[in-house]
Amino acid sequence: MALYSETVMDHFRHPRNVGVIENADGVGEVGNAKCGDIMKIYLKIDNDTITDAKFETFGCGSAIASSSMATEMIKGKPVSDALAVTNKAVVEALDGLPTHKIHCSVLAEEAIKLALKDYYDRHGIDYDKKVFPDCENCAHCDAHGV
Amino acid sequence: MALYSETVMDHFRHPRNVGVIENADGVGEVGNAKCGDIMKIYLKIDNDTITDAKFETFGCGSAIASSSMATEMIKGKPVSDALAVTNKAVVEALDGLPTHKIHCSVLAEEAIKLALKDYYDRHGIDYDKKVFPDCENCAHCDAHGV
Amino acid sequence: MNSMRIYADNAATTAISPAAIDAMLTCMRESDGNPSSLHSAGQKAAEALADARGRIAARLGCEPAELIFTSGGSEADNQALRGIAHLGAAKGKKHIISTAFEHHAVLHTLRKLEKEGFTVTLLDVHENGIVTPEEVRAAIRPDTCLVSVMYANNEIGTIQPIAEIGRVCREAGVLFHTDAVQAVGHLPIDVKAQNIDLLSLSAHKFHGPKGTGALYVRKGIYLEPLIEGGAQERGRRAGTENLPAIVGMAAALDEACDHLDEYTARLIPLRDRLIAGLSRIPHAVLNGDAKQRLPGNVSFCFEGIEGESLLLLLDDKGICASSGSACTSGSLDPSHVLLAIGRVHDVAHGSLRLSLGADVTEEEIDYLIQAVTETVAYLRSISPVWRD
Amino acid sequence: MNSMRIYADNAATTAISPAAIDAMLTCMRESDGNPSSLHSAGQKAAEALADARGRIAARLGCEPAELIFTSGGSEADNQALRGIAHLGAAKGKKHIISTAFEHHAVLHTLRKLEKEGFTVTLLDVHENGIVTPEEVRAAIRPDTCLVSVMYANNEIGTIQPIAEIGRVCREAGVLFHTDAVQAVGHLPIDVKAQNIDLLSLSAHKFHGPKGTGALYVRKGIYLEPLIEGGAQERGRRAGTENLPAIVGMAAALDEACDHLDEYTARLIPLRDRLIAGLSRIPHAVLNGDAKQRLPGNVSFCFEGIEGESLLLLLDDKGICASSGSACTSGSLDPSHVLLAIGRVHDVAHGSLRLSLGADVTEEEIDYLIQAVTETVAYLRSISPVWRD
């Protein structure tokens, strides 16, 4: 009953894909400092495939681990697969998160989606707006009374 | 900080003057079984001197010790001395009683007084009623809601 | 008479078992962090807490999350009653049913609730000290929010038909609390099978440490904290957890439950031998049902004597016993439990409770019989209200 | 970097001292009766209880009868506030003054009292984390029944001018309570000289056992029980006394007070060395007054990072620390204490509390500085909100 699973601690201690991609094809940032969590994901996309993914995170252990795991899960994958990555899948890959930390995995899912939206926008690709999060009206932030 | 002083325990364990005086010159009984304390004191009086005193007590440790000490204090004494024995004197002689047990010493004082009153009554001696307790209207019993 | 030392006041408190001490010591030395701390010392403490919680829950037949650790039985009783009362009040239900011979932790809380506008019905416990499920059913009103009946009485040891009372309450949709402080570790318990919604326990009654206990609260009942503050115990009881004591409680409960059948089988014949022996004293009356009682409880009233002097003289003979319950020993009033089973004041004053430990021997039982018999006879000999 | 283990979370809980363990063990083995029992085992326990009470009272400068033993600091705070509030209400006085950075045991109790119709004024604690007696005086109204100001804050360690606040209250005829949980055993205390009417303490903050504490209540103030039941603690706190823990608390307090001057003199320069070292980190800000703080408390906010990840990485380096207080670590919201001293949300998330033990060494201080400096730099390097 440690706070976090071994996998979370491993990804927290040794985060994969930390950093910035200069000239990224898509960048997504979610969260805000008032909530204590900001996640920024950078994607390099070639031929509809994610050839590289990096992240920067300001946040708790599970936010860092979620970013690390989420970037691992989409690297080398087609964009359509990345779009299908849910926060649930991230939680499972991490062997679970404490209840009050589930929102960190949501941030990771949203950061990926926003980065992909950014990629579509920049490249003039059409998409269904409803699959993307609307961080302006995020209920999570409201819940914290920020 | 044992419950009772050494003196109390000594008089409780080895009560002096336990018993009945047949043909006593005065007998006093106070308390009632509902309160858990009854004290009965028997006096033999010769020439205005208490030549013998005995008691029977139904009650707690300090009631038994108070009876023992009180009878000791009046044996061989003139009646006037016995009348002057206060519950405070009994408590002091016992090296103290716990606060909630002070009433036991009051019973001893009252039992002596009632025995002396009985002696006066039987021998037609005049006395001041006010110095004797009125057990019928005892506030102590009322306090216990009996 | 040879001299022995017999501790026969286990209903007041038990000696802590070596296993419980060991568990506490290990915890104090190795898991000394605060279970709420994130660092490894804290998480180690959190693991020890979860382990103890799981083991205690298993012994009661509940889930770990259904336990709130408290500072003992009194706190558990207070929180259960106040919490359910306030839930009831929110729904306009301000009637509570309990019994006339509950522990003061229950009765005094009820008295306070009465001052706050609740109505309390105290059920008759009869001469045998047993409440009937039918009377519980008959007392339930549309505005009843809680029934609280103790599992076993602390003075006279009688065991209540908890499962049946629980069923009556479940059928009526009324929550059911039982003060099981005297039962846990001594009688079989399964809160689910017995239809119990809330249950109080206290470790020092089953050879665990003092100052710790628990309240079981069935899932879905949200009880307000009695002690407000930090978010410990899922927000239902604030204060840094008394981890060493909780771990000691788990060890003691495991031990007690592992030996429950064995100890019960040992104790019952010894208890009955003691009852038979003391019954031979003239004008002695057993308090409470002769059979439906705790395996270690023997309670008598002896006419013509007063309990305290009996206790003190027994103490001189090496016997630790009590008259009524320990926590009322400062009071001059006779036990409310004995009055509740119909003893008159005069007789209630002459009470003696012997609560046996599981290791008591036949020789000790015989010594108890002899010592009590002699002491009662002596006190009667100096009593003005007794004539043979 | 060589590897060390440094427990720097003494404000959350302290390791129990060997002297306290010994005292508890002796008590559990030799005075295992119930202090309310009349027999010799009980009276031996009662004597041990009286001895511990007398020693603790002497350390606080009060009389033994002015102490109520509780299950810890939270219970003491709850009872003090609820008790005085209800005394006040009986006289039509339903206004309470406290501060914005009290422990949740105080703040949540006040919130509950507000729901019951009391009005609460929370004083500003300023950027330095110190309340002024003048502001207390200005806040007192004719209907004020209680002022409650903590002695030392548990997160940022600032020490309040307790004696002066006490004087202001005494002059105005208002009762004064102080939550001294972080102060007892660490700062000099004399309740009479400091005009304190009620004081809460908790043993596990000064190397005593968990699950025990006390409430000092000045003679003449009759506080209703929070836990109803038996007549323990002169009717003001029911439940079998946690005697081994109380005896352990007395031993720990004696030890702490005997070494108070020595430890204070040792710790202050080490604390200041740590503050100086951490102040060299860019965009680091010390929380609370630099001097008027507990000898062992160091609290910082580091911009651009979040506290939990800092803690976990420090834990990997052998350092047990905390961010905010232990009992709110389950919460996602930033510390109310840091918000109260004016830290904005973004910055409040990046907080670190190091609470030193009296045996910390200079070498350890330097290790702490190095480890924190490196870890903050690393976390900033992966943070999107930080650009060097």
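Order of writing sets the labels: A, B, C and D. Residues in every chain begin at 1.
As a convention for this text, a residue touches a chain if its C-beta (ideal position, glycine included) is under 8 Å from a C-beta of that chain, and two chains touch if they have at least 3 such contacts.
Chain-to-protein mapping (UniProt): A, B = Fe-S iron-sulfur cluster assembly protein, NifU family.
These numbers were taken from a predicted model, which means no experiment stands behind them.
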- Task: Any chance you could check whether A-D or B-D wins on number of contacting C-beta pairs?
- Result: A-D
- Item | Mean-CA-position distance for chain D and chain A (Å) | 40
- With chain centres defined as C-alpha means, what is the inter-centre distance between chain A and chain B in Å? 90
- Between the Cα centroids of chain A and chain C the separation in whole angstrom comes to 55
- Do you know which chain B residues sit against two or more other chains? none
- Message: Two or more other chains touching the same residue: where does that happen in chain C?
- Response: 38, 308, 312, 330-331
- Pairwise touch network: line, ring, star, complete, or other: other
- Query: Pairwise, which chains touch?
  - Reply: A-C, A-D, B-C, B-D, C-D
- Touching chain B in the complex, chain C uses residues 304-309, 312-313, 316, 330-334, 344-346, 349, 382-386
- Task: Spell out the part of chain D that touches chain C in their complex, as residue ranges.
- Result: 7, 9, 12-13, 15-16, 21, 25, 28-29, 32-34, 36-42, 70-75, 77-78, 103-106, 108-109, 111-112, 202, 204, 209-212, 226-232, 238-245, 308, 311-312, 314-315, 319-323, 325-331
- Message: Looking at the complex, which residues from chain D come into contact with chain B?
- Response: 38, 43, 46-47, 50
- Query: Residues of chain A touching chain C in their complex?
  - Reply: 1-3
- Note on the structure: The answer for chain B against chain C in the complex is residues 9, 12-13, 15, 18-19, 29, 33-40, 56-61, 63-64, 100, 103, 144-146
